[in-house]
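You will see two complexes here that share chain A, one where it goes with chain B and one where it goes with chain C.
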Partner chain A sequence: MSDFEVEPSLKDIVTHESLKWIFVGGKGGVGKTTTSSSIAIQLALHNPTKNYLLISTDPAHNLSDAFDQKFGKDARVVDGISNLSCMEIDPSSSLEEFIANNGSGTDQNDPLNGMMSEVTGSIPGIDEAFSFMEVLKHIKNQKNEDSSVIKYDTIVFDTAPTGHTLRFLQLPSTLETLLGKFNEISGRLGPLLNMMGGDQKTEMFNKLAEIKTQVTEVNKQFQDPELTTFICVCISEFLSLYETERLVQDLTKYHMDVNSIVVNQLLFADDDQCKRCQSRWKMQRKYLDQMDELYEDYHLVKMPLLGNEIRGVHNLKLFSRFLIEPYDPKAHKDVVFSLEER
Partner chain B sequence: MSELTAAEKRRLLRERRQAKLAATSSDRLGKITGTVGSHLPTASPLSAEDPPVSDISEATTPAIDGRSGDSEPSMDKILESMLSQGHNHNVPSLLPDDFMKTMSSILPSTNDESTEPTPGPESNASEHEMQLNEYNRYQLRKFRLGFTALRFVSVLTLVYFKLVGYTLFYPSFERLDHGYGKIDLWNWFTILEVVFSVVYVLVYRFLPRTKENSIFSIIEGILPQRYRSRFEMIVKYRDVIAFWINDLSVLILALGCLAWLNN
Partner chain C sequence: MQLQTLFLVVTGLTILSNLVSLVTKERIQGAVYVVFLRLFLTGEYNKLMKLRSEQLAINKERNAISAQDNYAKWTKLNRKYDALAEEIKKQEHALSSQKSLIDNYVSRALQLLTTLPINALKLWYARKSLFYTRPGTFPWIIDAVIINLPFLPRGSVGIYVWCFCVNRVFWILVDFVKVLTEPRPLPPSKEKVN
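Right after this comes the complex of A and B.
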């Protein structure tokens, strides 16, 4: 019943000028890193005047492996693509840094210090919170007038598996509640806090209030479909499809826009002699049919399983073109085996 | 139909997706599992009815109200449990910090005074809890009164049978050397107290529970770790110790009265 065809590619994302945030997520092992890297590469190639940043918020980082280049907690330009930078956030070290920064100069035996660490450490999704803090730092830098800081037009997130991602996205509201409660406690225990090193505690609460303001601002941006989009990655199997649907529904509840779904590792084995490949392709087709039915209003991008690991910029470029130009098993057959071995 | 711009297409698609999801969100998952009509053969055992579940509430940490198995607890719930920790020991502690334990025993009283009660199921629940606690406290008092009366009567009976009518009771123990100390009043008193203590400890587990006194929570929070378990034991058996002291007081009073009468 559609009035117009929904293209089975990410061309719309690549040409979408106003997009500032692109999240790439899905079940573990479906190719999120490869997909997010490919999207970032296509964005960078199609818009050479713009700067892009790819951030991995997954504690088990894979970006360095995908690009075959070492990345760290600071953004580093990808070799061969000057307008694309990557960084891997380490939430646990950010957490330690946060506690160290806010506990410096105070007595190690201070019971309130211990309490703060306990409270902070036991907050669900705290890892994601510190990934988020890193993101906030970048936003702050973007607003900075300092010309030495690279300003990124779009930030692509390679997120952790679904559960983590949802917690990450839930974080702005969680943080708002948490900070509200902290303020409430600080109000009630004002005199007691003063006795136990009130100045530092007040400073900390002030910092938290400042973070809250930034968080609220980012939360608004995440819910604006002209600024933010979420790309679901899956494979054509039951569990992956089921989790993708749940993810789509959960994201909709968070008022986040999902308009594209990338299906990875497809065999396209119609003319293949390999019996195992044919059998798996038959299974994949079954779920693809289901996806076509469920996601007729989404950009459903079908990506092939290639003959080798997709590592390094060259291989990623080869693979990523199918995000824009739908893979044709007959026309693009040679690409499957044309990857550089690593 | 005129050509749509990219932005218009995006908006139209977005609206269509949202409308579909709002209308058929549960059906969509059902389609995947095969429970809701789909022409596609993707039925899965996941769509079958759930097998009977056994109660594992005692084997695992009990969930806080409103906290489902796989969802994260909201910050409100966490803080609520933090603040109610001192009052409700049935709720598991999310924060092991002893300082928080102490604070939590103080905070709710401030809370009660400063904040308006919010209507709704939660306030009903807390009202019901208060009533239940009041009732339990009444039951406990009633039991203690009866038990104390029984003990006092027993002690006085013991005094009556062992001392009244005998001329060997004197207000001092100076005559013990002459054989007066052989009276078995003290042995019987000790036996009686041991029996009462055992009975009380046995009955204690069937008694309704009331909230602990916040003063104990504060002392417990202040005490060093190594003395804490001893303090907890003392708190637990404080009733027994109090009974012994009370009974001994009654006995001494009775002895004093007898001595006065005999003079």
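Right after this comes the complex of A and C.
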């Protein structure tokens, strides 16, 4: 790996043919939403014939704010970019919906009443799993219907801060142990459970097993580097780097492909007059050097800190080009203060 | 089996089983495991020890440097540490599965050596008199109710009662030795505290 230089840009991802899922993740507040929006925009601009969908699974939605356009549960096309759509999914609400649909009977005397919802609700990672499954259902439905509905070639996920996505990847094994335990219990207390409502019990087992097969299927796709990649976003500070390192290690443990890291909010203040900016940049550079050493075979994309919030398609376009064409503080100096005010 | 040999065998086995419970099964299992480690698993065991000492060394090195100033070095050490931890876990798991296997064998062997033959002999020779007491040693009622159990000829001692006696005497002797070898409590000091 080390005998050829890895480009410090996301050009590989933008020009990749087979990628179906792109995850963008990292610590809170480092610019995940901005980065994922920018990636989606660059994808859409570079491949005008393909259709892209940007999904936020973060309960604190901010895609609407980033694009200055209201998005909801259903995909909606971004104004000004006809081949990019966005949607915001609330993981907890889709879980509640599932429970409401498949939930318990109306028999108040049944001791197993509501057990299903309690059991499923307490599995770690289940809410994320449900939002992913929702998306998949959405996409599968589209395949069957006529050509008037848009088919998406690639889907970009703006994930919730670190942990959640990983928990989702753990879900199949969690469910497996859970089902094993259940089977053990029902083997011992079988007759008793049957007396208390055996039908519901078997129904619950079947449902959990069904969820498991679905999740396993999704996971298989996510672990295929030809189909899925993960982009970590961080800022050049100790804790953020530490979290990123852990994220990278965990992703590798779950066999998920990760080869790009976006370092956000860099000051590039070499020729700046501002003393504070200069010393801050010195600190950022210290960590950048360390990162260069640590992640030499990753795409390490260095993004500048601009003068204002990056909101709206125009500003996102301005910002996002540095994902492809590395930012040069001399040549691109004007961009910093050229954002449209909102 | 002749009565004399039966008597000796039963007495010996009972004492042996009591000795085992005095030493405790766990200690015997531990000792057997240690011997087994030394004889057959030295490679595995040394590997585990080496891994552990490596991990310790890395931890020391990691703690010696500042994470913020030498982030790259620190993270590389972290990676190594985690990799080692994983390996140690695997190694420990392999060894512990060996241990449970050995423990299983040892406890079964102990059972085969002590409990099983005693019970078999007790069952087989239940109605045999091992020896007779001199007439008049015990009042007849004690003879009939305790000594002659289970319904042996008057004045004779069976295998059950004999085993019981051996057990009692053994533990009384153990207690006696324990009391003798226990360190004496210090005499109260005569100095005034206040």
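In this section, the second predicted complex is superposed on the first by the 283 of 342 C-alpha atoms of A that agree within 3 Å, B and C clash if a C-alpha of one lies under 4 Å from a C-alpha of the other, contacts with A are read in each partner's own complex, and residues count from 1 in each chain.
FYI, a residue touches a chain if its C-beta (ideal position, glycine included) is under 8 Å from a C-beta of that chain, and two chains touch if they have at least 3 such contacts.
A quick note: this is a predicted structure, and the numbers were derived from the prediction, not measured.
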item: Clash-or-fit label for the pair chain B, chain C on chain A; value: clash
item: Touching partner for A:82 - first (chain B), second (chain C), both, neither; value: neither
item: Which superposed partner A:241 touches (first chain B, second chain C, both, neither); value: both
item: Contacts of A:294 with chain B and chain C, given as first, second, both or neither; value: both
item: Chain B versus chain C as contact partner of A:174, first or second or both or neither; value: first
item: Residues of chain A touched, compared between chain B and chain C (which is higher); value: B
item: Which superposed partner A:308 touches (first chain B, second chain C, both, neither); value: neither
item: Touching partner for A:249 - first (chain B), second (chain C), both, neither; value: both
item: Chain B versus chain C as contact partner of A:213, first or second or both or neither; value: neither
item: Which of chain B and chain C A:279 touches, first, second, both or neither; value: neither
item: Chain C collision site on chain B, chosen from 6-14, 24-32 or 60-68, when both complexes are overlaid on chain A; value: 24-32
item: On chain A, positions contacted by chain B and by chain C; value: 238, 241-242, 245, 249, 287, 289-290, 293-294
item: Complex interface listing, chain B residues touching chain A; value: 1, 4, 6-7, 9-10, 12-14, 16-18, 20-21, 25, 28-29, 31-33, 38, 40-42, 44, 46, 72-76, 78-79, 94-97, 99-100, 103, 107, 110
item: Touching residues on chain C, where the partner in the complex is chain A; value: 67-68, 70-72, 75-76, 78-79, 82
item: Chain C-touching residues of chain A, taken from the complex the two chains share; value: 238, 241-242, 245, 249, 287, 289-291, 293-294
item: Residues on chain A engaged by chain B in the complex (per definition of touch); value: 3-4, 6, 12, 15-16, 111-112, 114-115, 118-119, 122-125, 167, 170, 174, 177-178, 181, 188-189, 225-226, 238, 241-242, 245-246, 248-249, 252, 257-259, 286-287, 289-290, 293-294, 297-298
